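In what follows, subunit A forms one complex with subunit B and a second complex with subunit C.
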Partner chain A sequence: MSTVKTPTPTSPREPGNKPRTAGGMSAGMPVRFASRIRVDRRYLPVIGTLVVLALMLIIGGSRYENFLSGRVISNLFINNSFLIVLAVGMTFVILTGGIDLSVGSVVALSGISAASLLQSGWPAAVVIPLVVLIGTVIGLVVGIMVHVFEIQPFIATLAAMFLARGLCYVISLQSIPINDDTFVSIASWKQQFGEEWRITTSVVIALVVVAIAFYMLHYTQFGRTVYAIGGGEQSAMLMGLPVARTKVLVYVVSGTCAGIGGLLFAMFSRSGYSLTGVGMELDAIAAVVIGGTILTGGTGFVLGSVLGVLVLGLIQTIITFEGTLSSWWTKIVIGGLLLVFVILQRVLVVRRR
Partner chain B sequence: MSTPVPEGRPVVEMSGISIEFPGVKALDGVDLTLRPGEIHALMGENGAGKSTMIKALTGVYSIDSGTIVVDGSPHTFSGPGAAQQAGVSTVYQEVNLCENLSVAENIMLGHEPRRGGAINWRATRRRAGEMLARLNLDIDPASSLASHSLAIQQLVAICRALVIDCKVLILDEPTSSLDADEVAQLFEVMRRLKDDGVAILFVSHFLEQVYAISDRMTVLRNGRLVGEYRTDELPRLELVSKMIGASLDELSELEQTTERIAHDRSGEEPFIQAVGLGRKGSIQPFDLDIYPGEVVGLAGLLGSGRTEMARLLAGADRADSGQTTVSGRLARLRTPRAAMQRNIAFSSEHRKAEGVVGDLTIRENIVLGLQADRGWARRMPRRQVDEIVEKYMTALSIRPNNPDALLRNLSGGNQQKVLLARWLATAPELLILDEPTRGIDVGAKAEIQKLVAQLASQGMSVLFISAELDEVLRLSHRIAVMRDRVKVAEITNSDDVTVENVVELIASGGTDS
Partner chain C sequence: MSTAAPATPTWQRVTQHRLFWPVVALVALFVANTIANPGFLSLRLQDGHLFGALINLLRGGSPLLLIALGMTLVIATRGIDLSVGAVVAISGAVALSFIASSSDPSSVTTVLVAIGIALALSLVLGVWNGFLVSVVGIQPIIATLVLMTAGRGVAMLITGGQITTVNSAPFKTLGSGFWLGLPVAVFVAGGVFALVAFLTRRTALGMLIESVGINPEASRLAGVKSRSIIWTVYAVCGLFAGLGGLIISSNVMAADANNAGLFIELDAILAVVIGGTSLSGGKFSLAGTLVGVLIIQTLTVTVTMLGISPSVTPLFKAIVVIAVCLAQSPKIRDAVAARRRRAARTSQAAEVAA
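On to the complex of A and B.
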């Protein structure tokens, strides 16, 4: 979990004895007070997620044998790698104050396209970039709808969701197995660390996506513009930032991530199916929100979204370990957790006023 | 100014600029010339087209006709980004920064130093710190912008404008939320930039400031050009009459219609009586009575708790101590709606965020409050609506005189008037006005002041908040003095009370009164 401590560039200076000037500035009498050791309010939601994650690990570890093992943690990443990628893309969109409902369908479209093309003999080296590109193109179309035609993101991505799902049915109603040698060998590559820890191709891809997203959000102008748009689109525009390009690009990023997600899911299931990923967009949104990103935009971190995915995955793991609970309990717990986090965010926002 | 008025090749030449919005001809063939090293004031009433002119120059609005020449070559900027690249930087009237980001980021966003393609945060913060130091601002660049007052945010916005090597700096009402020291600080920076050869376009409603700092001025009226003048050749009164297009006599008449007689209130029942009303972290418990027909002014510096007091009385914030009595009965003002039901109307200082609805027309905005009062099921007949709208548009001389114009196309001052009209239409018994005249020109200011006095004489209670003490003094029967979120004194107004008295009270905290 050391990833969370990665210094975000806007983090406050190390707590020291440096006095700060308080807001007032009344008549040349700055009110000074020594800064205490305090956490920037922006990190509170993420810290909340981290606490929840730690609690779940502790509870799971104390209740079940073998819970806190390398195998369980490794599986947590392996089983949720596609969701991590989706949540990363979704974070970009939500940071601008938008939403992307199309990602679940794009996962299915990208997966079934891969399966179908491989089945008809296309080489994996062509198919893999191509299906990612499908996601990119859908994202581009959505971005243009949202920005140029000023359609609400909800509606634009809803349209894309139906479109992509429909295209899946056109390709095939049945599940298509993937037997291509190259693809299967890529999908089944894994690296063992010691007895229990292991990573697979999909985990590597997911972590690379997370690293690239982190770099983009914090070290490029594009990323900072994403935050600025979330803080106020009008302001960002008047500050001379490339708002138009950025708004289109966030949907391209999300679409591309969905394309990659589809690929990872195809690797995971060794097949493509038109009913894959129904409701997966909502899982991604839930992970982002639980990860501390505020739906109105401007505040949140991509690493928080990764934590959000891990929380969701861990709920599932605990319920599997419990054995007697039906899988519906996963949804109930996610629902409850989501409510708690949204309320927590409201409280923070209200306090700020 | 003792310095010679700069001549030389203009850096910006706008000629014949026209812009039309649906229902509003915002600009009609206006010229503007800026020369290097001059401070040029753009003058005019609200709705005269100053902000539109600025947005035309910076590419926020596209112009319908006319030409813009920057540095000798014709330009049409596609947006503020393009304008900045050509060296035209703007600080807008309402702070346009991102509150979710740090001070350093707000200053440097889009111009961050890079290292190997990536933003170099250390250098970014250092550079932002240097910019802050240039304006003598002692704040932590890494702190969140939202943690600073509006005044500081305004200065941060100016820092941002200075980051790029600008040839033209546009300051749209930069001083409306600054106190005297901060204004002096800003002027110092402006003079320094002027010496560096920057052309500064300065918009302000404070005539003193315009005369203190500007070399030339261009006067607009109703979207048309009145003329360009040298500041030292245009006497103040003449400027005002050019701006409002009225003779000087009419103006002084407006200024003097207000009266303030403090009645003996003993034996009368106050309309609203607050006892020990307070809210943690916002304002210390205070007592306040407002009688029918009385104007109570709130004096105090920015952030002294004026707005917080108003918000408690209006139900916008919930009090956590004390109680309020309205017309002799205990009233719990927990929501603005509860306050409205007791005929308390609150006109907020943030008209953009908390007041008007930009996407509705003037007519719809005016009847909004009235309709809310009636309940949604009882639609108001069109004729009645038109009557009300007509009445207030005339009374407040709202421009453009077209009830179907969209509110967001109106100037700030006219939006304020529409907001005022909305509350007046609900016939409140207590009208709380928070900074109703901020960013408003002399003519409109006098009109609003006159209206307030008139309403009070008809029996309405008014709580009047303004940063301009002379205005508070001119209008109020009684004045409550605020300091550091405490009500420190309450004085009855008379001819003997001067601005200096009140300033002293604010400074001393009322301990020796």
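On to the complex of A and C.
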């Protein structure tokens, strides 16, 4: 009974399954959604994430000294700023029911391009927008492949992933240090608040990206179209929404975010390396799912994804604080948490029906 | 497609076969290799074993073929299995840790028990994936993402974070041994391929799998046990991934929890898609998967042969994926078909006028 509602999240556009898309599920869902479900239900997964976050903070705070300090929380944001940006971009794609596997390699490509261009003497003022643009262009290419040529997002972004990673290797196999004065001074800017709280350039950029994404998703026509496509592409098309443009644009948004993420990672590590970001796309997807966005699209929030990233970051922090646990426990715990959230989502979806 | 043409010539039937472009790509790769290295297609007999680039190609491709076979079945039910790489790592880690901890690493019994344990565990992992997808009803991509993320951690746990190396002649046979002049791994992969082909194409199983992929609910109403079928394909996929993992670890005689089978899930999915199996399920082609695996493996070999740094391989893979996907994309096919129809109509009109 349940399997019919779980198509691969990849291809609502595949011509073969038109009857399915046009069926009762996608067309009827938003209506029932509005009339039967109270607003609080939409927030349930996000509230779940918030509870987990609070629990982790409480457990950490009670187990370790200095855990609930401004320094730890500040570092949480500083160390995960690039992942926040990636998760924000990924949220847009997943909300439409797609997926973007290319972000990890785009991070590496944008980082190593920045390092290589700066090394050959380009001014930082040119390099910074240029490397973000690299992400945008890759996103645009993916969007065109997905929309115009009707290649499933999974495969199109997989191709983009190989492409970006291959280009990284072409640029350089070695790690390139970044010594450009302007870039280093931008990267090392920080603002201290009191004894322990501090923010860096990358945190500021990440928060600005979150704010812009929040505005775009909840207060613009583009954002509403994103939700509408996730709820049912056919219905969105029949409503006269600009489905084509929006579907391409979500990949552009995700690519741009990956470009920014690469820049932040380059600031974080002061270098560019072609092997950065291997598996980072999975972290981003995990953060989005833990943050309450449903992979079939249509439900989820940018702020939820930010919470998801913080949960992932806190797992790492707790394992560091514990000291005796080996680093591979991080992966096992993230996998377990992912499972819990996915089952939670599943229960919510079943109950909604 | 070309119903407008009066009679479909044989060459046109050939070009319209869905495996035409993948096979052309494979032949092109072979030609490129032979030009770069005239000895590419040659085989020589040494110590009763066949040697040559082609044999290495087949041997290197066997684990990928095993994994891609399982993946084909999963994708045919409209699913996907991202966890095969992690299963590869776990299976290798379990087998090698068991052999390393045993008192007699080179006894055949030890090796057989190790292989048995590893395969049983892989089957359990596959069953777990199948349970999440078919019973709990989680989307396949995320259900298998759980094991993909946690699995490498588990493999690290088994090996204690070290790269376990062992010295065991019987286990080495699986990956680098020869039998009747051919690598043992090729026999394993070939045997599994034949078995799967027989079970799916000579019994109703293949059709049932495809019907579940087209519409699980309708299949269930028609009396197909869609839940058991979905569960089974994930279990089988896990088992095959475990077998692939054993061959990979036997090749290097080391269990590396971090790097064994890294990205092999992507290569397997790629091979399946290049072979013409649609990610939206409902139809699959085992022969296509075989061609896809050979393309991927040849691509890897080609890059090395042409003297390009092996790290550029992803770039070539990207180009091949994009080219094959574009060639298969409905838009391009329609455009080509439309032009062919127009051409046919013009020639007909010309004949009439004459």
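Couple of notes before you dig in:
Here, the second predicted complex is superposed on the first by the 314 of 353 C-alpha atoms of A that agree within 3 Å, B and C clash if a C-alpha of one lies under 4 Å from a C-alpha of the other, contacts with A are read in each partner's own complex, and residues count from 1 in each chain.
Here is the rule we go by: a residue touches a chain if its C-beta (ideal position, glycine included) is under 8 Å from a C-beta of that chain, and two chains touch if they have at least 3 such contacts.
Since the structure is predicted, the reported quantities are computational estimates derived from the model, not experimental observations.
Residue contacts after overlaying the shared chain place A:A286 against subunit C, while subunit B stays out of touching range. Contact with subunit C, but none with subunit B, is seen for A:M145 once the two complexes are overlaid on the shared chain.
Look at A:L338: by the touch rule set out above, it reaches subunit C but stays clear of subunit B.
When the two structures are aligned on the shared chain, A:R63 is found in touch with neither subunit B nor subunit C. When the shared chain is aligned, subunit C comes close enough to touch A:F162, but subunit B does not. Contacts of A:R71 after superposition on the shared chain: neither subunit B nor subunit C is touched.
In the superposition on chain A, contact of A:H218 is made with subunit B only, not with subunit C. Of the two partner chains, neither subunit B nor subunit C is touched by A:R245.
Which of subunit B and subunit C touches more residues of subunit A: that partner is C.
Residue overlap on subunit A between its contacts with subunit B in one complex and with subunit C in the other: 9-11, 20.
Of all residues in subunit A, only 9-13, 18, 20-21, 23-28, 30, 40-42, 215, 218-221, 224-225, 227-228, 230-232, 234-242, 298-299, 352 touch subunit B in the complex they form.
Touching subunit C in their complex are the following residues of subunit A: 1-11, 14-17, 20, 99, 145, 148-152, 154-156, 158-163, 165-167, 169-170, 173, 274, 282, 285-286, 289, 295-296, 326, 328-332, 334-336, 338-339, 342-343, 346, 350. Those residues of subunit C lying in contact with subunit A across their complex are 78-80, 132-134, 136-143, 145-154, 156-157, 161, 215-217, 220, 226-227, 230, 257, 266, 269-270, 273, 278-282, 309, 311-319, 321-322, 325-326, 329-332. Across the complex, subunit A is touched by residues 60, 79-84, 90, 92, 96-102, 104-105, 109-110, 112, 117-119, 121, 138-140, 142-144, 146-149, 151-152, 160, 179-182, 301-304, 507 of subunit B.
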